[in-house]
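Here is the structure we will look at, set down as structure tokens.
Order of writing sets the labels: A, B, C, D, E and F. Residues in every chain begin at 1.
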Amino acid sequence: MKDIYIADLANFDEGKLFDGYFLVLAKQQRTTKTNKPYLNLILGDKTGQLEGRVWELSDPRIAKSFDRGDVVKARGSASRFDDRLQMKIDQLRLALPDEVDKTDLLPATTYDVADLWRQLLGFIESFTNPDLKRLLTTVLDDPALAQAFREAPAAKQLHHAWLGGLLEHVVSLLTLADRVAPHYPILDRDLLLTGVVLHDIGKVRELSWDIGFEYTVEGSLLGHIQMGTALAERTMDSLPDFPPRLKLLVLHMILSHHGKLEFGSPKLPMIPEALVLNFVDDLDAKMQAIQSEFDKSIREGKGPDELTGKVWSLDQRQLLNTRRWLGEAEK
Amino acid sequence: MKDIYIADLANFDEGKLFDGYFLVLAKQQRTTKTNKPYLNLILGDKTGQLEGRVWELSDPRIAKSFDRGDVVKARGSASRFDDRLQMKIDQLRLALPDEVDKTDLLPATTYDVADLWRQLLGFIESFTNPDLKRLLTTVLDDPALAQAFREAPAAKQLHHAWLGGLLEHVVSLLTLADRVAPHYPILDRDLLLTGVVLHDIGKVRELSWDIGFEYTVEGSLLGHIQMGTALAERTMDSLPDFPPRLKLLVLHMILSHHGKLEFGSPKLPMIPEALVLNFVDDLDAKMQAIQSEFDKSIREGKGPDELTGKVWSLDQRQLLNTRRWLGEAEK
Amino acid sequence: MKDIYIADLANFDEGKLFDGYFLVLAKQQRTTKTNKPYLNLILGDKTGQLEGRVWELSDPRIAKSFDRGDVVKARGSASRFDDRLQMKIDQLRLALPDEVDKTDLLPATTYDVADLWRQLLGFIESFTNPDLKRLLTTVLDDPALAQAFREAPAAKQLHHAWLGGLLEHVVSLLTLADRVAPHYPILDRDLLLTGVVLHDIGKVRELSWDIGFEYTVEGSLLGHIQMGTALAERTMDSLPDFPPRLKLLVLHMILSHHGKLEFGSPKLPMIPEALVLNFVDDLDAKMQAIQSEFDKSIREGKGPDELTGKVWSLDQRQLLNTRRWLGEAEK
Amino acid sequence: MKDIYIADLANFDEGKLFDGYFLVLAKQQRTTKTNKPYLNLILGDKTGQLEGRVWELSDPRIAKSFDRGDVVKARGSASRFDDRLQMKIDQLRLALPDEVDKTDLLPATTYDVADLWRQLLGFIESFTNPDLKRLLTTVLDDPALAQAFREAPAAKQLHHAWLGGLLEHVVSLLTLADRVAPHYPILDRDLLLTGVVLHDIGKVRELSWDIGFEYTVEGSLLGHIQMGTALAERTMDSLPDFPPRLKLLVLHMILSHHGKLEFGSPKLPMIPEALVLNFVDDLDAKMQAIQSEFDKSIREGKGPDELTGKVWSLDQRQLLNTRRWLGEAEK
Amino acid sequence: MKDIYIADLANFDEGKLFDGYFLVLAKQQRTTKTNKPYLNLILGDKTGQLEGRVWELSDPRIAKSFDRGDVVKARGSASRFDDRLQMKIDQLRLALPDEVDKTDLLPATTYDVADLWRQLLGFIESFTNPDLKRLLTTVLDDPALAQAFREAPAAKQLHHAWLGGLLEHVVSLLTLADRVAPHYPILDRDLLLTGVVLHDIGKVRELSWDIGFEYTVEGSLLGHIQMGTALAERTMDSLPDFPPRLKLLVLHMILSHHGKLEFGSPKLPMIPEALVLNFVDDLDAKMQAIQSEFDKSIREGKGPDELTGKVWSLDQRQLLNTRRWLGEAEK
Amino acid sequence: MKDIYIADLANFDEGKLFDGYFLVLAKQQRTTKTNKPYLNLILGDKTGQLEGRVWELSDPRIAKSFDRGDVVKARGSASRFDDRLQMKIDQLRLALPDEVDKTDLLPATTYDVADLWRQLLGFIESFTNPDLKRLLTTVLDDPALAQAFREAPAAKQLHHAWLGGLLEHVVSLLTLADRVAPHYPILDRDLLLTGVVLHDIGKVRELSWDIGFEYTVEGSLLGHIQMGTALAERTMDSLPDFPPRLKLLVLHMILSHHGKLEFGSPKLPMIPEALVLNFVDDLDAKMQAIQSEFDKSIREGKGPDELTGKVWSLDQRQLLNTRRWLGEAEK
């Protein structure tokens, strides 16, 4: 584990020295007004990212020795310029391979990935529909895909935007959908849960997460809905005697899960399972965004009476943390 | 129980005589092209409504003896004119009070109202928050309101548009919300369930259900959101030491439960409980509408391959009955 | 060729007898106000459809001898009831197989299909990109698909809603796109024309055209964009060494050709060829709709000063036939 | 009266010293790039607000001696940094109570509040409807509410965003509505004027105006429409024999005065008086915004040929000052 | 004056004979189910229009003796068929020129046109701006235009859709604008009133009102905004030394008076006078529509508790007649 | 030709001296934090614009010797401050008239204007409709208008925003429309091309292009659609016996060419030629914007795998340069 994280610097004494390992997200040579050159960096780790400036380099070759995507060891101090936190870096070098723990460098789920994976497999194990069970088993038996499924974020920003976020989101949805399914007898539970597992599977190729979270070119041009549909169709076509009607319904659920044409689904939900999938997916994403916003308010020192910042996925709405506000009142 | 219902007439032999009791929803004196007067009626019962024509009246005083809102006993036959079913009525008289069972005359919930009511009270009993428990207990202790709550439809048309529909909808929502609440630790379960119980309470005055389902003038001018908020506020003001912050949150949940300004909520949900209330309310209304549409398709003799009619509350979308379609395939 | 067509009946003397062959689009047993049974039919041919009533059947078994989708020979007369044209049918029987020319029974392109097909192949022949040429050649070498491509309408209603309409639309677009391509040097002409050929290929399975034009269940749940994308992807995957970037661009063009999310494209055009495809597709559909509307105005006897009826695909706009209006002025 | 106001500083010689009293709207400790600490303030008075920096503090205890919401006496000079005006503060201390005139510290109406209040009472005096007269008299007889009504701004930003702005807006509307009412005989003048007086009354609790203009938590969660409706309902319920139909109409006018669901009114205007209220309210707010924008253009030295800045409440439109532009032409 | 009007027939005893003069709005030859020919007419006068059927013609030449746009004398009776009032016409002939009073045949303003005209001139007389005064004087001095201005309806349907409706609407607006102008000192009253007089002047050519109210081809292609702007521009160009800036403002007011691009104004109001013009125009149109709807409710026998029908220009809203509803309560 | 252009400075060594001539787009006196005055300029030429700062002026009179709109000779160096390129100017003087080539100072078409003009005249020469030919000939015979037509940009920003851009856009459109016209027989080619020539003619007065590109006051209040329509109408009115129907169609094409009310066209296209004009205008503008964006990406050193920046006229979409991306793959 690292000694110091980006998020720690907000409460760090100004001027106090730290040593830390960071991922280089951007690197630029610049000049001051008085024509003095300096190095401007964006450094990140799992807790966030920050601008850093190297005003004096002990050796000019250091600036050439690393690039975007590398990990560096930096010594410096934090300071605030125009109300924006910055790092002032005094010394810098490329990190050695054995100094780096990759999971420290990008935000990652706080859950145990192996445990999430076991939960996922447990849900599939519980299916009574043999065709849907072998479909999901086949998909997850592909080692490359399974590995990517465990690593992928669920989004570039917005909600569950961290390593393992996709898996965390899917397992949360499985639990939720499994609670909702018995309430409506018209629902086919296994079909609904299959939709949950596969709805965002295209994201393992839509996004890249080596250096920050980005869209791939393929992801930009096709989108995860199309990519996931194609993956599911190929897999079902490879399974002997997969029922054609069931195939159609599975594809429809992936296609329609955004719930509206203007959100990028080319078809609206036309079966009850697709409607429920769209609802729980939307609800879970928003609840996660609210939880993150509440955490952020506390981190930023806001009082219980203060509304959160504007939440992008809730139309820039500001929210109130019910429990905190009521707790405050009771004191 | 009535011998014959409106819905039965669709499959009745043309010309065969029936006797039945119906609620008069409209009455009009008209003339044929050849200047012959006749009586045109809209007659209804719990299974639907139908146009009926009285071509010959044994006694002209009969036409004066009843009005909109009365119950009549009619003898006649069913026939189809321009592809529209009609009743041809031969004899007609005002029904005697003891001949009429009011629950036969308007559509009503298929659930046992007493049982729904027990479930509702059971949920309130389970509350750990004493203030919310006494709020709901006080509201439901008002006998007139409790009676109206048991009778009211949840809507004029759309979803749960039948006697007892409001209670049925609320109990379904309580069950669903109770399943969802533990999944998100930031949720205050009792507050969420309180929102469920009160969100549509204004409908007991927004709608009237004596003769068909109509909006009252008050309902048209104020709406059930305002009426429910006022009722909740009055009740909380009457309770000694009701916590002011809790009052604010309860009012906010009623105000915001439609989820969007353009759906008539003057405020968007700004606390997690209000967001979840909006989601489960919307989901339950849509699932009920889908179920009704599936039932209607079967009643109309549509095959499993045929999509339903266009569902108003789902943007005129047509749906496919998953289970029926898959079942058909397996045969 | 048939002796009499639906469209002819509008100008037929009322009461004059005709004999004709028609496709049965709907059949219903009904009763008059006076309880007399009759048969109500919707009969169609390539020029339109009309309601027909059989008041007296020489033999009751005739009504059982045919069904929706059959072709019948009917003798009767045309009349106008409440300003709506109708057929009064006196005699009726199932048509013999050799009496029926299927192309007479549904609206069909006025172009020579073989000639359109030759033009299509000619455009592909002109490609300089070998990969795109073998892609299209492979697609059109599938005999079942080629047959469906020659028969399919381009839409259920709206534009090119006739047998061969899809091919007619594609050939018109190829000609237009080929004129536009050299005007913009950034355009890759072969890629653009490939998009034109494949953009609506999914319609061969989205629609059925045996008895009228209908959506298949598969078409309703997946849509022609997804179905066409899958077909193209499968074909490209089957071609050895098909360039992966080219594959991506072809798929993107099909996905994005509706030009807007709310029109069912899950991605907006992000390459110049996709943008141009969306423009020419939209323009050609609208110009065809205008031409049809002008033809209809003339058929209905409207004067040159009268605007057309409201055109659905042009936001219910009414149009003026420029040439006719100016011609009228010059006289 | 203060010697120097924020607005004066724009035309102040750079470097020239001033002394002034200001309200502290924000206070933050910061550090320069070279790790030197300084104090960053937002200081305001009735003419606007400005950033101020204290680079050297004679005594470090001074920074602790005041907080957001306090009034300070500052000596310093104005300067422009990156084209943005700033204060450079040399000396600073907490102001003494008798040095402060609160009306100098927040923007306030330029009208005489006592005179506006007399006009308001005069309109109520002129009512012929005794019930509406006693309703408004009762509301304004509450001393706390009357005081708040005289102080409250009409908005946080946008229009009439100054102390007394609510009263100024209401009196302007009364005058305007009184001119419009006789033009349409279907209008009930007293009802219309009652709606004018009460429509924004909820703003006295939706907003706070002690330190700048802010939304209260209650205001954020309920909104002034709900808060005003509740206040009016409580008052009418307290009046013996207040006609129930009149009560309903008064509540409807408050509820519907924003004119559209998407502007936060849960009901659209359904009586002529509510429609007119929405029109005059909207017009008056826009005319005030235009007037402010014209004043601002002159203050900023724009010529008569230049359009104003973009007006938020007019869809970011820019306006032309007719009279000024014509005057310029006549010279 | 005519003896009998269309509106009278609603309360006419069925079967009782009447004689009347009507404008022929449509004429069609039709046939009954049993092949019997009859004549179907739409007849109108200033109170409305009604379908009429001539079952037996004493002389077949009569049907050829008149056409759409002619006035006929008809003898017949009123009857109700399928709840729709109809005329059964027994005798019919072309009216003689001296039998016809044209103002009886189309709906017309209930105001005295000469008096409205005097009011219009009076407002212009009151102008202090000589350029605007000579502009309006010049426009209204054109006898053909003045005649059309006195006759034109203000719309095809919607509001003021009757002969003289344009003038009635303009005079109402002048009165209203003259009341509003002094309330806002930034307004140039003469410019505002000039905008009022000219804003809809293009309607004298956009609409035709010889036989019912229709759009001309020119009106359909250009619209009254463009036609009015061109007329105003031509007139101002013809006046020596008309100030160019004033010309620009007048044109801008006509262009922008619909207030929104989507309502057909190519520019939004950018001067205060244009904003006010848009407001009062919109308000006056809506108030007139409400008044008409209230009148219609009374004519149709609706009670004071019943909402009106849905008002097209108010988003299909239903309204409540305040005064009637309150009056009813007081009894 | 100038020695150095704004665009060159991006790749200029920091600190290296240059001499250049630039147009002064803005000039402001400012002060540093330490109260030192300096001069802040926006300098531009045909390749772009850049901020420049003069820290030391050899003679204070220099700052007074020039103003916005003048051309200056500057000596200085480029540097990057906070990642934004800037000029540091050491010496500065007003340029001499004979040192300035105006076409160097604003962005201008890369085509030969004389050649574009010849092409334009050539298209008109090819007309077979004599009325349309004399209309366009008359318009272009006005020397002032012809000069403005050759100079005007097609827009303030967005597409073809450079001197000669209007002419370049019109000639591109003529070529494109001439290719499309023969494809649809219902099109009147000469009418379509007339619409192309005149559709944006109002821009010669809507925009000014002396110092940067700005809207005139007249342009802001009336817009180029109205101004172009008026110009066309005046010209047609001046031609003896110009056919009135043709005049109406020409005006309609100018009015409707933006294709939607919300884009500022007061009428939607109602003739086929107007529809096609709207399509090709829209397509050409977008294709030009894409081409500019591709050029910019190359200039900025983006790789072939990188999407462009967000394109304003394509809903902030990012695009991929097909040819470059495929070319990269082939290497």
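In the analysis below, a residue touches a chain if its C-beta (ideal position, glycine included) is under 8 Å from a C-beta of that chain, and two chains touch if they have at least 3 such contacts.
Predicted model only: the values in this text are computed from it and were never measured.
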item: Labels of chains that are neighbours to chain B and to chain D; value: A, E
item: Number of steps on the shortest touching-chain route linking chain C and chain D; value: 2
item: Path length in the contact graph (chain D to chain F, fewest steps); value: 1
item: Chain of greatest Cα-centre distance to chain C; value: D
item: Interface composition of copies chain B and chain C: same or different, split at half; value: different
item: Distance from chain F to chain C - Cα centre to Cα centre, in angstrom; value: 43
item: Gap in Å, rounded to a whole number, between the CA centres of chain E and chain A; value: 62
item: Multi-chain contact residues (two or more partners), chain C; value: 217, 220-221, 249, 270-271, 307, 318, 320, 325
item: Pairs of chains, among all present, that meet the touch criterion; value: A-B, A-C, A-D, A-F, B-C, B-D, B-E, C-E, C-F, D-E, D-F, E-F
item: Residue ranges of chain A in contact with chain D within the complex; value: 14-15, 77, 79-81, 83, 88, 305, 307, 318, 320, 325
item: Contacting residues of chain A [partner chain F, same complex]; value: 28, 30-33, 35, 37, 40, 217, 220-221
item: Interfacial residue positions of chain F with respect to chain E in the complex; value: 217-218, 220-223, 225-226, 229-230, 233, 248-249, 251-252, 255, 261-267, 270-271
item: Contact footprint of chain A on chain B as seen in their complex; value: 172, 175-176, 179-180, 183-184, 186, 188, 191, 243, 245-246, 249, 268-273, 275-276, 279, 282-283, 286-287, 290-291, 294, 307, 314-315, 317-323, 325-326, 329
